[in-house]
Amino acid sequence: MAAAAAWITRLNGQQTRDSLIDDVVTANHILAAQEIVDAFGHVSVRTAPGAGKYLISRSIAPAQVTAGDIIELDLDSKPAASEKRTSYRERFIHGEIYRVRRDVMSIVHCHAPALIPFGITKIPLRPVYHNSFFVGEGVPVFEIREAGGDTDMLVSTPELGRALAKTLGSKPAVLMRGHGAVIVGKSIIETVARSVYLEVNARVQAQAMAMGQRISYLNEGEVKKRIEDPDPYGRAWDLWKRQVTQAGR
Amino acid sequence: MAAAAAWITRLNGQQTRDSLIDDVVTANHILAAQEIVDAFGHVSVRTAPGAGKYLISRSIAPAQVTAGDIIELDLDSKPAASEKRTSYRERFIHGEIYRVRRDVMSIVHCHAPALIPFGITKIPLRPVYHNSFFVGEGVPVFEIREAGGDTDMLVSTPELGRALAKTLGSKPAVLMRGHGAVIVGKSIIETVARSVYLEVNARVQAQAMAMGQRISYLNEGEVKKRIEDPDPYGRAWDLWKRQVTQAGR
Amino acid sequence: MAAAAAWITRLNGQQTRDSLIDDVVTANHILAAQEIVDAFGHVSVRTAPGAGKYLISRSIAPAQVTAGDIIELDLDSKPAASEKRTSYRERFIHGEIYRVRRDVMSIVHCHAPALIPFGITKIPLRPVYHNSFFVGEGVPVFEIREAGGDTDMLVSTPELGRALAKTLGSKPAVLMRGHGAVIVGKSIIETVARSVYLEVNARVQAQAMAMGQRISYLNEGEVKKRIEDPDPYGRAWDLWKRQVTQAGR
Amino acid sequence: MAAAAAWITRLNGQQTRDSLIDDVVTANHILAAQEIVDAFGHVSVRTAPGAGKYLISRSIAPAQVTAGDIIELDLDSKPAASEKRTSYRERFIHGEIYRVRRDVMSIVHCHAPALIPFGITKIPLRPVYHNSFFVGEGVPVFEIREAGGDTDMLVSTPELGRALAKTLGSKPAVLMRGHGAVIVGKSIIETVARSVYLEVNARVQAQAMAMGQRISYLNEGEVKKRIEDPDPYGRAWDLWKRQVTQAGR
């Protein structure tokens, strides 16, 4: 019930600024504890439904983020004039996706090793179990060479951010060839949980494929029915938050 | 000796209510520590041999369960009228199996990643070593589409619970396609240990299969001889219980 | 230097009884921490070079063993008349190997998952790197069906213990089909380190084989040169002992 | 910014001796925590750009190294006459590489299991993602049999050290058949981070190869662009250092 309440509060955009900042800090710590990010990777939250601002850490490792490290950026991924600190070089991932995806309230960028093989081969991710049902909505692959030729692989300009957002389209996640992934959602709880279960899906799918037989994925009807679940991940957020809080991160 | 005594006490149904509740809490924590469950999954115990009631947590993550979270449900998976809290949406897994399996005293439901590949391919689990001998009794796969067409994959109705119980039949465990598994036993010690070693069996079998040669599984005679062991897992319960108690869960 | 001294002290049999008991307790904790054993498995040490007695824990999980749990057994794996406690059902593994292998001062029995695939297929373990060079001396596989027909898989009689010792022959380790492995050495340091690196070898060999190309194993000459190293593992024992001592096990 | 400053300080050789020793101790602990080394393996740092001396621990496990264990060796890998302690038998790896690679300021030697398969097959490591871009500069394999015939596999003489340095050439790392790897860099931060991401690259590449399709590696142009990044790993060093400091190692 606490979980459902938290979920609804976030969906309705009824959060104070302190609560939003707490969410971003918690999400950073959860993603590190779940090994979705290591020293690199980032997570942001939009300040309110429809708002043109988002909160993200300055450029440090997720496990080290505290409330004092959170910066507000606009959709051009620029801070207010008074802000002297800078965020991640790839902050444009966030700004450009928020610009075109009004439904998106939170974004994760990660380099989880299990996801890499699906970005560097032509094998599509497909949904292996109910917790990763959203994979059935489609997870496209961003080929940065098509957008920018030979680059340093980083989405470090607005142009590359826009190209990435275009490949993402209306999907829940996009893989980045030779780099990682971006995961989005209509709340920070959903985005973080999708990040965790996208990684599990990749590991399980690779293992199932190695067994050399036809695989029965969730079908379209099952994915649609799962989408109707109003709160598929609240219980996970509650647990993960408690775990990182107890660990004293 | 302590272990054997614990085992016999449970088999004879000579437990106080407090002891039963302590067992369910401990089992939740063990399953989380052994990574058989994550934020999701549940474990229950029948209140006494032949009884039409079982104990299970309200709807929270296994690692967070305390004695105060345990609810008593009947075989329709309904609590007493005075109980305001609800248990898991998939509680019918428990009620419907207890209804038809008089020998079952405890049930685990989990989504351990290593089990998923065997539910989404046609490759049967087979017993790779003595600790998972019970796999030799057979582990069928539940295809929820046959029972309910396209669903949200959850066993959230009595009808789906009955269909799952039917597929389980007299076996020690059943895989659920695109979802996870249900494991049963004649005591909570047996059910938890079977859950742990079912997962190990899946990992080892997948690894052995990847080596591309004929595999020598336990044969029928060996499985039968192992079944005669009166207490194959008591030592494991003792260790796991101590570990979760020390961890202060 | 401390390590080398420890190594020599053990090889020369210049240990007090308290020191031997401390070694067995430490070895139990190391094997648990290194995940070579779980709730099951055991380790023993011969009381002195050529002696007909060995020290082993009573029947509890390795991580729980303390000095007070250590029992002395003879080569028939029987304790003194005054001893009321019993050791593991598979204690005959130890007694029967000590009987025929005068060079062996310590024995480990484990069920490490990575070893199981090599016991249930016809693929021999071969040495992939210098730390597991002893694999090059040969690791045979014990098929208990040849010795006892269909059994409960346990080496729970003197006869089965003798059959296992015969398959082991003069080798450093023997795999047990559908069960696990037994590792021996001329000191407890060597036996524990061999247990750890046998497991690494199995994981690495399986991974290398999965890559589908010819593998270049250590050759006979290299294995022979490695055998001449007087103290290949002392540094590891020092580290592992400190780790389990600090963990307060 | 702290990270960038640390990076530049090291590149310019503006470190005090205490700071250098602290770096070596920290690097040892990071490599152990990241499971790049176990009880074996070592890391060194050159005392100053162009200097003919380097700092390395005496012969103990990396996790146990403290400031008091650090010894200074010359390019013949000999200590000052007053130094009674000895370093690792394979110290010649360090001395001989520093002798011919003026650009190298730090060296790691490890036996990470994931690297072994690429040393014992003919499959070259190739760069799977941006964090391991340096793999694209080439990672040759050292076959010790060509340099020394059948040996005990250890680089325990100046001659073998020179042969290894020759195979390394101008590359960032070299695999050693049936043994492990050596990783070099222009600062200790770079060398440690390369060690971590070389291991990730091996795991991911093996997984991608197992999926049986053409793999799209970083191309030459992308590798070149990544090389231009002045500080690709400072954030990782900051995090890892904090983690090992907090763990009280």
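Letters A, B, C and D mark the chains as written, and numbering starts fresh at 1 in each.
The criterion applied here is as follows: a contact is a pair of C-beta atoms (placed from the backbone, for glycine too) under 8 Å apart; a residue touches a chain by one contact, two chains touch by 3 or more.
Please read these numbers as outputs of a predicted model, since none were measured by experiment.
Engineer: With one step meaning two chains touch, work out the least steps from chain A to chain D.
Structural biologist: Graph distance in the chain contact network comes out at 1.
Engineer: If I superpose the C-alpha trace of chain C onto chain D, what rotation angle comes out, expressed in steps of 5 degrees from 0 to 180?
Structural biologist: Roughly 90 degrees of rotation.
Engineer: How many angstrom between the C-alpha centroids of chain B and chain A?
Structural biologist: Each chain's C-alpha centroid was found; their separation is 33 Å.
Engineer: How many angstrom between the C-alpha centroids of chain D and chain B?
Structural biologist: 46
Engineer: In chain C, which residues are in touch with two or more of the other chains?
Structural biologist: 210
Engineer: Which word fits the touch map of the chains here: line, ring, star, complete or other?
Structural biologist: Contact map by chain: ring.
Engineer: Please give all chain pairs that are in touch with each other.
Structural biologist: All chain pairs meeting the touch criterion are A-B, A-D, B-C, C-D.
Engineer: If you look only at chain C, which of its residues touch chain B in the complex?
Structural biologist: Going by the criterion above, the answer is residues 38-40, 59-61, 63-64, 111, 113-114, 116-117, 120-123, 145, 149-154, 177-180, 206, 209-210.
Engineer: What residues on chain C touch chain D, complex-wise?
Structural biologist: 127-131, 133, 200, 203-204, 207-208, 210-211, 213-219, 221-222, 224-226, 228-229, 233, 235-236, 238-240, 242-243
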